[in-house]
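First subunit A sits with subunit B, and in the next complex the same chain sits with subunit C.
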Partner chain A sequence: MNFFRDIWNSIVRRDSLSTDKGKSELVFLNVWLHIHPAKVKKEHLRFRHTFYLGFITFFLFIILVTTGIALMCYYRPYPSQAYQDMKDLQFVVFLGPFIRGMHRWAAHLMVICVFLHMCRVFFTGSYKKPRQFNWVIGVLLLLLTLGLSFTGYLLPWDQLAYWAITVGTNIGSYAPLVGGQLRELLLGGHTVGQAALIRFYVLHVAVLPGLVGLLTIVHFWRVRKDGGLSRPLWKLERKPVEELVTIGAPAEPAALRVSSAAQSKTYGLMEVVTGKPIFETVSPDEEEDTVFAYPYAFLRESIALMGTVVGLMVISILYHAPLEELANPAKTPNPAKAPWYFLGLQELVSHSALVGGVVAPALMVLALLAVPYIDRNPSRRLRERKWALWLFSAFVVANLVLIIIGTFFRGPGWAFIPPWVHVVAGAE
Partner chain B sequence: MNRRSFLGWGAAGFAALCSSVAVSFGAVLRYLVPDVFYEPPQTFKVGKPADFAYGPPTFLADEKIYVFRDREKGFSVASAVCTHLGCTVNHFQSDDRFHCPCHGSIFAANGAVVHGPAPKPLPWFEVTLARDGQLSVDKDKVVPSTYHLMV
Partner chain C sequence: MSRRLSIAFFALSVAALVLMIVAIRQASTPGWKDYQRTFLQLEAQGEPNAAAKAEVLDTPLAIHQVMLPGLQRVDRCTTCHLGVDDPTMKNAPEPFRYHQGLGPHASTRFGCTICHGGQGLATTVKDAHGNVPFWPNPLLPADYVRASCGRCHKEGNIPGVPELTEGRHLFETEGCHGCHKLDGVGGSIGPDLSEEGASERSPQWLENHFLNPAKVSPGSAMPNFHFTRQQARDLTYYMLSLTNQQMGTYYSSFNQIPSAGYGRQLFVQKDCIVCHAIGGVGGKTGPDLLDVTKRHSLEWLDEQLVNPQNVYPGSSMPEFDLDTNARKALVAFLNSATSDDAKAILSGNGHALNPEDAAIAAGSLDFGRFGCAGCHGANLQGGVPNPNAQGEEVPSLLHLSSDYTKDDVVEIIRNGRTPPLDNAKGPTPPLYMPAWKNMLSNEDIQQIVAFLWSKQQKASDSW
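== the complex of A and B ==
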């Protein structure tokens, strides 16, 4: 059996997992796992610190890529074929409705999880130094997620798709100076037609997922380089003196000289380079607070992954993705509504296309991007950042209220109609 | 090579590099703008004058226009595309106004904005009589709402 053992040993070159060396090597000899540290802080594994929202978002993206590739095997991005292919997926393709449902609901969930993840990072103050730029990348990923949802929306070529994209691209055309050209570039023409469909398809299956993949790698890489996740708030409460563990030269060089080996361990990057050496000083307390990524972190990630997949499967079995009638450029459905995550925007637009559709969202995005640079308060403790918390909460509540109004309180002709009032659909 | 000529050549080379990157970027952007649009033509014939009744306007779905025929004044053609965000407006005979289903804009019979987010009135298009006796509409020629064609 030496033959098979040689093959196995050529693939897996680590020591046995029963040893600490083997557990470390599992992580750092493996290209897919080495984004993890070999040992992680116990506090980082706590569910109530992160709710695993970043992981769940990433898993949803993986599910979206997988189901998306499956859908690509049947879908042709041409106005006369697209809707037909959707009908095929709905009625004649084995597991078609299930795969499409997984894709649709994962997309909705991803928007929700990205948003919740952003809220978690804000409320725990995890965008503060040295993590400012990773927050910016996170906001870009949020925008790309919305872009993926938007471009995906057109592809079924049903009434909802057609009119959501007509309204959406017209909002863009209100942008000063470049608006009109921007719309023409996106649509490849002047109306939502064949050229627009192929462009949205290319953006949806190649350009935007590629960008999300690249930025995700940077996002994860920077989490590692910033010393892992931020410290949970309850740890800050207990040890008010100690702040973030950062990689870089020790803040006080004196500490290196004073602290004896009994009090702390200093890890250095051993390399012959000029400039300050890179040190990470870890106290024995913290050393005891760490566990091996295998199995503790991997087990939790696997549970999060399985929970996400199973939850999504159950939703997809219970609810099929909706498909309206074939796109009809002559007849606008009444009311014509964008997907729910854009209904806040549509509510703003119903008051003014320029202010509500361009100025307000542009300011919102700029404010989000600038959050870590505007909020220069170094403290992460909740009671010391009342202003930031109030402002961000107001931002979240305003968005939710606008979405709820747009979703439940707007009827035909965008009239304000409470959901408990019955309106005959299609009445003119 | 002395310092002056090194810096001179270096600056020239850097400028050349930057401009070629800019030109390439512009060319790619230009590549994405089609030279031929496979879209319905802006000028089209809509039928003989006798095809159109007096009274309520005729909605032409493919062209997204309303054709009005008035006994005294003759033909006029209004756009059916809301100036707000491009939804198709519906003409209601009950109040002789255009209603947009998307965000509730309302336009008067002459296209003027009566209510709601639409920033501009509905445009009216030039309508002429072609040689073959059909009405011809040109969406590129916007005319005042008082423009009429008497046949």
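== the complex of A and C ==
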């Protein structure tokens, strides 16, 4: 048995998991797990602090990559073939409808979860110093997620895809000076056609997922370097004075004050580095507040993962991904609608192309990116940030209302028609 | 706490496993497998001994498909309709019954959906028969399947489908082109019909529409032509056969059957009789065509029809741009043509054609073919209602010569005209004269005007 034991020991080089050393080594000797600290604060594990939305978003991304690779084995990005390949997935590929359903629904869910994650981070004030730039990266990830979903929308090459992308890219072309050229660059022409399909495909399967992967790594790295998650608000209420010191954050003399050995433990970087030494000082209280990542954090994350997977499986078994008739550039559906997350924009465009297509989205993105630099109020307590809360809530509600109007209340000719009124399309 | 979480994790993992099994089960028990098993049992009944029976029953279940690049489709219908090519399944229950009377249209060469409609790629009953959202061409009702012959056989008489011949004839003569574009020719008042066979409008809808357009689509500018039920059906057949789809060579070479009947039709249509006589009856410019097939080889005749200058430099015979089957059809007609045929053709024209009469005859043909008759009437009587145009209807063309010169009329045809309003503040009349200069050659227009002038009633007649 020594033979197999040797092999095992060559792969797994940590101590037994029954020891604290083993538990720590599981984390920091493992390339995949070491993004976690060996010990995490109990408060960070509380469901109601984060709702695990960041993790769920990440898991959805992993599911999307996995199912996406499976779909790539069957899909040819060429107009006459793409639609037939979708039909093959529907009718002859083993588990085809299931895999396509997982991919489609996970994509919609990811857009929703990224947005909810952003709301959570805003409402807990977690974008504040030193986490400002990580918020910016998060906003970029939100935009990339929308881009991924939008580029994937075209690939089935059915009427839904074709006209959603036609409308979506038309909204983009309202931007002054560069709008038209941007649209042409994206589509490889003036209309959605073969060139657009291959460009969207390349963006969807290579460029955007690559960027999302890279930025996700940076996002996680900075969470870790900023001292883990932000403290839950209820902890702030109880101990308003405590502030975490961040490794690598710009030095502040007060923060680097060394407490006496009896009251705190100091962890240091034991290498020779230039500049000021970097220390993390933790009081004994806090030390007691921590638990080993294994099994406490990992178990919870695994539950989030399995919950996501199970939820998606149920949806995919019950509901098939939609597939309309073959794209027909000569037949415009009325109304032609963009993907749902752009329907708020389309609704605005229907009132004013300039405001809806240019001013509003540009302002929204710029404002989101600048949030941590505009909001200079250092407090994270809800009752001390009334303005920020009101403004952000208004932003969320406005977006939701516009999307709901655009999705459910707009009929032929973009006329206001409540969903309970059935419109019979006029015959020619 | 941790124990509860462990249980939750375990439960979720089990749920994922169960769901995976459900998905796999769903995927591995499609309905077509049941049909194939039933069919194998049916086949095994006919086997003489147990060993042979067992062998039949052991046939692996698989999706059958006919790849038809020439028809741009893949048909999987034979996954369930397994007896289509098997004459022993003549009395088998559906979906296994043998398809009788296919003739040269073997399912391996043609698939099913090109004639029957439906969704060839699908493998479930509902999807395949196309009665699902987002599939515009569900299975055609049995009464209308023969309309599909016209998808490949685009011209000439199709044996067994008089409806199509009649429908095409109606379309050409009733003036439908005046409002409807077909393959790039025609007006734009009504919808383009080039792809009508692929639209989601059902045969019943089309038929009702022809009987009474206003009833089916209120507000339509289409006049009621008072078609009979049979005419409405003929036109519906024609509509169902209309498609822009490019058929592969194998299929498009069938688009005309090179029959003597088609040849005769071409002979009349191209006015061959103007130059050529048959057995002494007809024009004298070209040679007499009686027994021409005995005097020349088929290859020679074919070449002569392709490019007369090649055979006789300086020949005055024009190139008629006939395709292979049209040339074959003409030769087939000439093989049996006699002076009686020539007499019949000439009497059909009423009189021997001189150049002026030929122009008038061609103009008459064009008047129907390009759709003038649709609004102005086959007898130039006008009268199709056109609300708020002067006189509330499309004008008669019987008294043109009292108001216009020929050149005026040529200009109106070339550039089109919006009718003068009855009430200047009223709505724009639905019908107007389209500009034809991009669709008709000057020669066409001259011929049409010649035809119009041949029909003019002298002003003195009316008083």
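Going forward, the second predicted complex is superposed on the first by the 411 of 428 C-alpha atoms of A that agree within 3 Å, B and C clash if a C-alpha of one lies under 4 Å from a C-alpha of the other, contacts with A are read in each partner's own complex, and residues count from 1 in each chain.
Simple rule for what comes next: a contact is a pair of C-beta atoms (placed from the backbone, for glycine too) under 8 Å apart; a residue touches a chain by one contact, two chains touch by 3 or more.
From a predicted model like this one, the values you see are computed outputs, not experimental measurements.
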Overlay on subunit A: subunit C relative to subunit B, clash or fit: clash
Partner chain in contact with A:195 - subunit B first, subunit C second, else both or neither: first
Touched partner set for A:314, first subunit B, second subunit C, both or neither: second
First, second, both or neither for A:353, with subunit B first and subunit C second: first
First, second, both or neither for A:91, with subunit B first and subunit C second: second
Subunit B versus subunit C as contact partner of A:296, first or second or both or neither: second
Those residues of subunit A which subunit B touches in one complex and subunit C touches in the other: 428
Touch list for subunit A against partner subunit B, complex: 163, 166-167, 170-171, 184-185, 188-191, 193-195, 329-336, 346, 349-354, 412-415, 428
Subunit A contact footprint on subunit C (complex, rising order): 2, 5-6, 8-9, 12-13, 15-16, 19-20, 22-24, 26-28, 63, 72, 74, 76, 121-124, 127, 133-136, 191, 216-217, 220
Residues on subunit B engaged by subunit A in the complex (per definition of touch): 29, 32-34, 37-39, 61-62, 64, 84-88, 90, 92, 99-104, 116-117, 119
Subunit A to subunit C touching residues, read off their complex: 80, 84, 87-88, 90-92, 94-98, 158-159, 295-296, 299-300, 302-303, 306-307, 309-310, 313-314, 316-317, 323-325, 426-428
